[in-house]
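Before anything else, here is the set of structures, which you'll find just below.
Two complexes are shown next, each including subunit A; its partner changes from subunit B in the first to subunit C in the second.
Showing the complex of A and B:
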């Protein structure tokens, strides 16, 4: 850490990890409700628990991205953050608004929440991931504007590296792509268009820019490879992301009332979407092989190589399996999709957040790397979480396949709930793996509290100014 | 794209490819995308042969031929600019680059006019399967011409800034490789969509 103002990243990272823990707890409750429909009912119905689970996911990821921006932008720009106080204030606003929203979901019936928060004035509530009441949505925009103002001013007065420009551009895109959340027409086809502009636009477009910038930054720092090489890889990854991902949005338009040509365009272009993820793997591996020095934080190295691999599996491989129109005709909206959603969100965006936290937190705490003992805890957490998530994805895939055969093919299709009953074994596996995931998370969090001597003194071999 | 300083570590070991390793990864990926598009076109044509043969006649083959010549000539200019920089003739390299870009812009102008004309003929994505393929293929390629021109422009700027010479000109070669790909794809597309029936 070279600039005092980078320290504002710390509350963001801590907040993100706390909300991550919350997300998992609600995931476990939702999984429990799959096994016992009356669990916590009627106090907390499944729909509410699910909303809390997914909203916590989005909020903690955004928080981690923001922390990453406040950490990286000054360091890349070689200057102090424009306004650390604004960044800190924004953190508290964001955290409090987020927590209030979650409490609202939990303790106020959704329709009443909508009535209380002016949904009648501008209806925006009700769509997956975008369930937030209007004031929260406006709050998200304000928080994003504050972040954008801060990092753009910092970038403007400092060194303009390609990496930093991509990161800041990615953050602008993130904010702009949130705006369709305010457009919720009654026409369901149009509503689904604008919903996917946000959801697909984020995870298969803009966030991939942020992902490659964050990975690029960590790799520049940890491998000491010339930044030109890393930036050039970043550019081709971004180009492929946009080439495949923009028109690839068509994979959400099949059989929805959208024009028929999307069946072709969506299938063809989204079939290429795994390519940038594969490039990320090649990129990370090449950089690690040609690294110029040993970086003492092995846990961060593990995250940095694990992220592209898991992102490729979850987004690239699992995504590909359900992306072609004739396949999706059968798999749409089954647990196959949930398997992909879990592995992709975790592998790409949760893991890149944990990567940057793993790299930056030691610096924020005044050392280059944690003690070996702490790293061992962290790496144990890594493996438990990764393997558990893999098992969760496999279980959900199994459930998805059963749905396809029993509910959607054959002479005598079984009803939805009948099929759910047949799939109980998979939901049990998912829940058990969910608990092991949670234990991995606990091991990971424990690593922050394990003492011992840091591996190298602060700043010893940091490749400064590269 | 910052392709100049790159690469010692990345390319010296095996030097059969001119330009940067990364641009070849990118070109390979691009060719795969187009390969899938062309394959899909072939399958769709196979099953709607009559429709494809009939609809194809509405296309403006003269303009397409002119565009083919423009891109091929532009590719030639690109070859000359690479040869020039290898011989350390910077001014000449820049002149050929400018010519290559000029011809590329000619393609863009003609293609825009063609798209505008198509619209008046009622050729739209939803009109029929052939039009869907024709429009998506040519528009997607059109965007690649724009991207190629952008790359050429940034290389030209760097050349003007004195970044290249006989021993260090990976950027020019990389841009050239990409530009040839754009040309090659058009030639295939021209044959496939406008000519063969």
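Showing the complex of A and C:
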């Protein structure tokens, strides 16, 4: 850490991890309700628990991205952050608004929340991931504007590296792609079509730019490889992301009422979407092999190699399995999609957030790397969480396959609820894996409180990319 | 490789590729916007159906259900529920909740008019041209 103002990243990272823990707890509750509908019902129906689960995910990822930006942008620009006080104020505004929104979901019936917050004037509520009441959505825009102002001013007065430009551009894209959340046409097909501008635009487009920049940054720092090489890889990867991903949005348009040509366009282009993730794996492995020195934070190295691998599996491989139109005809709207969603969100965006936190938090706490004992706790947490999430994805895939065969195919298709009941073994496996995931999270969080002597670099100079 | 393929070239592929496909997407979207109202019979969406849609959104129905495969996978597909169950069953079902069972649906305090509006919307949704999805009546 070279600049005092980078310290504002710390509350963002801590806040993100706290909300991450909350997300997992609500995931466990939702998983339980899959098995027993009377659990916490009617006080907290499934729709409420699920909304809290997914909204906490989005808020903690955004918080981690923001923390990453406040940490990286000054260091890359070689100058102090434009306004650390604004960044800190923004953190508290974001956290309080986020917590109030979650409490609103939990303790106010959704229709009443809509009535209280002016949803009738400008309807925006009732779409997946975008359930937030209007004031929260406006708050998200204001928080994003504050972040963009701060990092753009910092970038403008400092060194303009490709990594930094892509990161800041990615954050601009993130904010711009949120704006369709305010456009909710009455025409259901148009509403679905434009909903994907936000959701696909984020997770299969813009966020991959942010992911590549974040991963590129920590690889520059940890491997000491010439940044020209790393930035070239980054550009090629994000080029492939958008070349495949922009028209690849068509894989959401097959069966929702959009024109038929999306069946062809969506299949062809989205089939290429795993390519940038595969390149990300090759990139990370090659950079680590050609590293110039040993980096003492082995946990961060593990996250940095684990992220592209899991992102490729979850976003690339699992996404590919359900992306071709003839396959999706049977898998659309089943737990196959939920399997892909879980493994992709965790493997790509949760893990890249945990990677940057793993790299930056020791610096923010005044050391190169945590003690070996703390690192062992962190790496134990890594393996338990990764394996558990993989089992969750396998279980949900099993449920999805059963739905395909019993409900979607055959002479005498069975009703939705009849099939769900027959799948309950998979929902049990998912729930058990959810609990092991939680134990991994506890091990991970414990690593922050395990003492011991911090590890210094092995007599080498402090690694620094050029 | 380093000499023949530079970072600037990689950046230009990124910028050019993104711009090229963004323009194609915009053109296709303009065309889709022309076709969608025909495919979903937008002109036949009555004021009752519009109110029904608002009720479904502001009660977060897709927090459990799917509509044309989009939403949550906790409860049955609603895109074709009108053809699967018919309006009278849908209204009686919503009124009777919660009735227990493997999954639970909350009780919503809908008036009879609300229920008429919701079924009007579900009828409109069931007629959208979704390229023959879902594969069968079970959704």
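Basically, the second predicted complex is superposed on the first by the 460 of 466 C-alpha atoms of A that agree within 3 Å, B and C clash if a C-alpha of one lies under 4 Å from a C-alpha of the other, contacts with A are read in each partner's own complex, and residues count from 1 in each chain.
Keep this in mind: a residue touches a chain if its C-beta (ideal position, glycine included) is under 8 Å from a C-beta of that chain, and two chains touch if they have at least 3 such contacts.
Since we're looking at a predicted model, the values are computed, not measured.
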Look at A:229 in the shared chain and tell me whether it touches subunit B only, subunit C only, both, or neither; answer first, second, both or neither. both
In the overlay, answer first, second, both or neither for which of subunit B and subunit C A:162 touches. both
Which holds for A:259: it touches subunit B only (first), subunit C only (second), both, or neither? both
Check whether A:239 is in contact with subunit B, with subunit C, with both or with neither, and answer first, second, both or neither. both
Per the contact definition in the header, classify A:279: touching subunit B only (first), subunit C only (second), both, or neither. first
In the overlaid three-chain picture, which partner chain does A:153 touch, first (subunit B) or second (subunit C), both, or neither? neither
Which partner does A:268 contact after superposing on A: first (subunit B), second (subunit C), both, neither? first
Please work out whether A:409 is in contact with subunit B alone, subunit C alone, both, or neither, and reply first, second, both or neither. second
Given the touch rule stated above, what does A:290 touch, subunit B (first), subunit C (second), both, or neither? first
Mind telling me which of the two, subunit B or subunit C, contacts the most residues of subunit A? C
Footprint overlap on subunit A, where subunit B in one structure and subunit C in the other make contact: 162, 228-229, 231-232, 235-236, 239, 243, 247, 259-261, 265
Enumerate the contact residues on subunit B facing subunit A in the complex. 1-7, 9-10, 20, 22-23, 25-26, 29-30, 32-33, 36-37, 40, 44, 125-126, 132-133, 136, 140, 147
For subunit A, which residues count as touching subunit C in their complex? 33-34, 37-38, 41-42, 45-48, 50-51, 110-111, 114-115, 119-120, 123, 125-128, 131, 162, 184, 186-190, 192-193, 195, 228-229, 231-232, 235-236, 238-239, 242-243, 246-247, 249, 253-263, 265, 329-330, 332-335, 337-338, 407-409, 413-417, 420-421
Can you name the residues of subunit C that touch subunit A in the complex? 2, 5-7, 10-11, 13-14, 17-18, 21-22, 24-25, 28-29, 31-33, 35-37, 39-40, 42, 45, 50, 53-64, 66-77, 98, 100-108, 125, 128-131, 133-139
Mind pulling up the subunit A residues that touch subunit B in the complex? 162, 225-226, 228-229, 231-233, 235-236, 239-240, 243-244, 247, 259-261, 264-265, 268-269, 271-272, 275, 279, 282, 290
